[in-house]
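Next come two complexes built around subunit A: one with subunit B, the other with subunit C.
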Partner chain A sequence: MRQRQLTPSGAVAFGLILIIAAMASAGVAGLALLAALCAAFAFLEVGAASAIALKRSLALVIPLALFMLIVWVGIVGRSPAEIAAGTSGSRAAALFHVALVCARLFLIASVLQLIMARFALTPPLGFIAALRVPLVCKRLLVFTLSLVETFQHAIDRAHTALVACGLLTSRGSLRNLLHAWVLVQTVWLTAITIVVGRLRDKWPIENTLAQLDRALARGAQRTLSRHDLIWLPLALAAAVFAIGAR
Partner chain B sequence: MLTTPRLIAIALCAALNFSIGSVVYLTKLPIYLDSIGTILCALLLFPDRRGGFVCAWISGALSLVLSGLLINPFVPWFEMTDVAIALFSSLVIARGADTFRTHPLPTVPFAVRVVVYGVCTGIIAALVSAPVVVYLFGGVTGSGSAFLVALFLKTGQQLMSAAILSGLAADPIDKTLQVLFAALLYRATPTEFIKMLRTSYDLAATTTHT
Partner chain C sequence: MRGRTLIVGPNFSGRSRALMNLLRATSDVPASFFVGPYAEAALSGLSSVVADEIRIYQSSDVSSSKADFSPLDFTSLSDRKPQTLSGGEQVLLALHCFSRSAYQSIAIDVALEQLDGANRALALDYLGGSSRQEFDVVLTDNRLDGPLPHWSCTEQTNESATFACDLPALANHLLPQHAGPLAIHDLHFGYRNGRTILRGADLTLEPGAAHRLLGPNGAGKTTLLKILVGVLTPSSGRISLDGVCYEPARTGNRAIALATQNPDHQWCGATLREDVTRRRSTLTRRIDMPPPADERIARLGRDLGFPSLDQPLYELPLAARKRLSWLWPFSGALPWIMLDEPTIGQDRDTRRELALVVRRLCALGYGIIFVTHDDDFAAQVPHRRIAIENMTISTS
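Moving on, here comes the complex of A and B:
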């Protein structure tokens, strides 16, 4: 029997369609339709966690928007279309162009954050296992997520060691700037040492990879759910409209 | 081709790209330093150029996705630049692998290779990135190089030439630094890890699937 809830593969496909449509959309009407679909997704699929997702999207886009305002409205003072046409241009047109780019980026960031919020309660391993991708891709995703943690440990260890030996200070200083490269090298070597230890000793003894492969194969979801079959055609239709509408 | 140690190397290089690239992005300097891991991956896998290209490209793509998710939604659109850097790294920069690891350090050959490879990578990256900057974002991006684009536009350049000139001004310096850092990290990487990558050693084959 077909399951009802949105699957990770369906959510990823939905996100990819909306992202490509947001970038390819020609005008405000198309972006507005995509935003409406995104809002419906947030309301129906994500619920209260949407607020957190939207806050995170704003936190990503607002600094970019401020920076682009300084450069394009403040310094250049013309929109790209006016520059291409060789006209004198106006700051209002530059502002409109920056607003359009920021709206696109906000939409993209929101789609991604909403999907992350939708599966916030699913363990990362379960999410990756449920994806309809080759096993090697799943393994790579799991290793990457695992190594992000390893990298954080490596940074902590390397930083502590270099502070202890007097090369770095625990607060901001010129010495930190001068020896930043030593920190990068130490982090790299620490991470490599941890990884070699795992590859050579820990994983073979614990049979980690065989267990990981079994877990990844067990979680694979082969069919799309009912919700997938609702959201994906909607996203495709919205994408066709957004790309075609001027 | 994608053995377990290689998958680990890809993930490590992606993490390196992401961590250094993110710090530099937040400073708004007109450099990126977000492909050190990509170049390093190609060096680590030399002389397997095909494997080097695939692994370097995947590590770059992974870091672009991570950066796009967490820091800067602009960057995933520069995927073609990542492909170009991975290709050039595996076909050309990796040829310097032996020089980069020779002890004691051959200062002049080392410096010449770093500068030549860096400038060439920079020119390629600038030419591949410019159409993305112009046609996808109308010249508007969130990196520090936007200041250079603005500067060239102020001097009366058209958008495409401003994007190319800004790339040609910033990218060779940026990529020379990236090749230098990748070469130094490659030099410091333990031989045991490099051997794991270059042989067909795969941990999955040594574990039992019961």
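Moving on, here comes the complex of A and C:
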């Protein structure tokens, strides 16, 4: 019997289609349609967690929007199309250009955040294991996540060491600025030693990567769910419209 | 490798190497589960949360299943990052993963020394308390001098005088100090994930004495040390030093020398010289507290078994790095000394001599706080007990 809930593969495919469509769409109508589909996804699949996802997307886009406003509207005063055409242009056109770029970025960020919110309760490895992609791609995703975690851990360890010895302070200070380079050096050294520790002792003895492969192979979901089969055609139709509409 | 084997011997006698050789020499066992002394050698490093760590090792083959080892409620910890667990909790997680795996053998290199008494007893019982043989075990552990029932014992003899330390000589050259009382008042602290560690804790620590911080794995002992050195900021409450408000998170740590549980969590440089130079630079403007001189640091290094300060720290064996982590606390630079599980990886003689040094430091006026699950070591140091449990601190 076909599963009902959205699968990780379905969600990733849905997200990829929307992101590609958002990047390729040329007009406001296309973006509006994609935004509507995104809103429907948020409402039906994500629920209350959508508010947090949208807030995070706003937090990502607002600084860029401010910067673009200053550059394009405040300093340049013309849209890129007007510059290319060699016309005098207007700040209104520049504002429209900035709004379009930011809307596109907001849409992309929102899609990513909504998918993350939809699967917030699924452990990362479970999510990756369920994807319908070759094992090598899953491995690559796990290694990437592992590297990110390793660096976060290295930052935490290095920060602990330098604060404990009095070189840095936990709160902002001039001392932190002066010794920032020591922190960077210590983080790199720590990250390398963590990785070397794993590669030298733990992984060869256990053959840990074979364990990982087995864990990734166990979780693979072979078929698309009913929800996947609803959202994917909708996303494809919206993408065709968004890319085609001018 | 068959049955249960304990490898004993003094530091640097080749116990870890013997453990590895035993694993590699066995052709009929394709792979063994390994629990090293610290997180990078105890956990896979491939998981973002505890649930994923368990998933990686989970066996799908029912016939290979072993008795489950779950001293903690790992379901409630499932969304925690493995590296945010305490040292003891990480070891328990590793053992839990092994119990769920298809591995038929396990090697443990001094990792059990991080466990509190109750969890250590559970772990040893799981690994070989009964005669029923489910899997093979090879273990190094400094707190077991001889084999347990049903265990065989391999003794390593001292191969060389590498890193030979002279702690009694070091004790004779320690400098006097005048530490002021260290106190916390109505301290509250919780992590961002909502886990509360301290709720309204009050404590006064007098100098010239040793204070032993006790509590089960994950109770918050290391967290309290991190608050006192300014790594973590309490959500409310106050710390005072010598009766004056002390805010290490804002002004920087200027009173406490911390030797961390994992020595690699405290290095500020790639070599001991670089590490000490950077530490000394924090004291250069302190008239009341001059940084220790070069000769003094070199002498301490020699007493700890390191004739050269230019040896890269990360190339040293764990027991050697652990000893070197004591250098700055013993240099006399700062009046308060905190030792987090100082005896991990140390043989009986070194532990006895370390106790002598700690007693001497107390006599010289330092304030000492130490965290240890090693009751034998603690028994050799007259101390006041400070227990952290259920978010409160009690003294006895």
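Please note the rule applied: the second predicted complex is superposed on the first by the 212 of 246 C-alpha atoms of A that agree within 3 Å, B and C clash if a C-alpha of one lies under 4 Å from a C-alpha of the other, contacts with A are read in each partner's own complex, and residues count from 1 in each chain.
In this section, a contact is a pair of C-beta atoms (placed from the backbone, for glycine too) under 8 Å apart; a residue touches a chain by one contact, two chains touch by 3 or more.
No experiment lies behind these values; they were computed from the predicted model shown.
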item	value
Which of subunit B and subunit C A:27 touches, first, second, both or neither	neither
Touching partner for A:101 - first (subunit B), second (subunit C), both, neither	first
Which superposed partner A:233 touches (first subunit B, second subunit C, both, neither)	neither
Touched partner set for A:189, first subunit B, second subunit C, both or neither	both
Which of subunit B and subunit C A:244 touches, first, second, both or neither	neither
Which of subunit B and subunit C A:47 touches, first, second, both or neither	neither
Which superposed partner A:165 touches (first subunit B, second subunit C, both, neither)	second
Subunit A positions touched by subunit B in one structure and by subunit C in the second	143, 146, 189, 193, 195-196, 203, 207-208, 210, 214
Touch list for subunit C against partner subunit A, complex	20, 23, 30-34, 36, 38, 40-49, 51-52, 55-58, 60, 78-79, 81, 83, 101, 103, 107, 226, 229-233, 248-254, 258, 260, 264-270, 278-279, 281-283, 314, 328
List of subunit A residues in touch with subunit C within their complex	123-126, 129, 142-143, 145-146, 149-150, 153, 156-157, 159-171, 173, 175, 182, 186, 189-190, 193-198, 201-203, 205-208, 210-212, 214-215, 218
Sites on subunit A touched by subunit B in the complex	23, 60-61, 63-64, 67-68, 71-72, 75-76, 78-81, 83-84, 97-98, 101, 105, 108-109, 112, 116, 136, 139-140, 143-144, 146-148, 151, 155, 181, 184-185, 188-189, 191-193, 195-196, 199-200, 203-204, 207-210, 213-214
In the complex with subunit A, residue positions of subunit B that touch it	2, 4-5, 7-8, 10-12, 14-16, 19-20, 28, 58, 62, 66, 68-74, 77, 134, 136-140, 142, 146-147, 149-150, 153-154, 158-159, 181, 184-185, 188-190, 192-193, 196, 203-204, 206-210
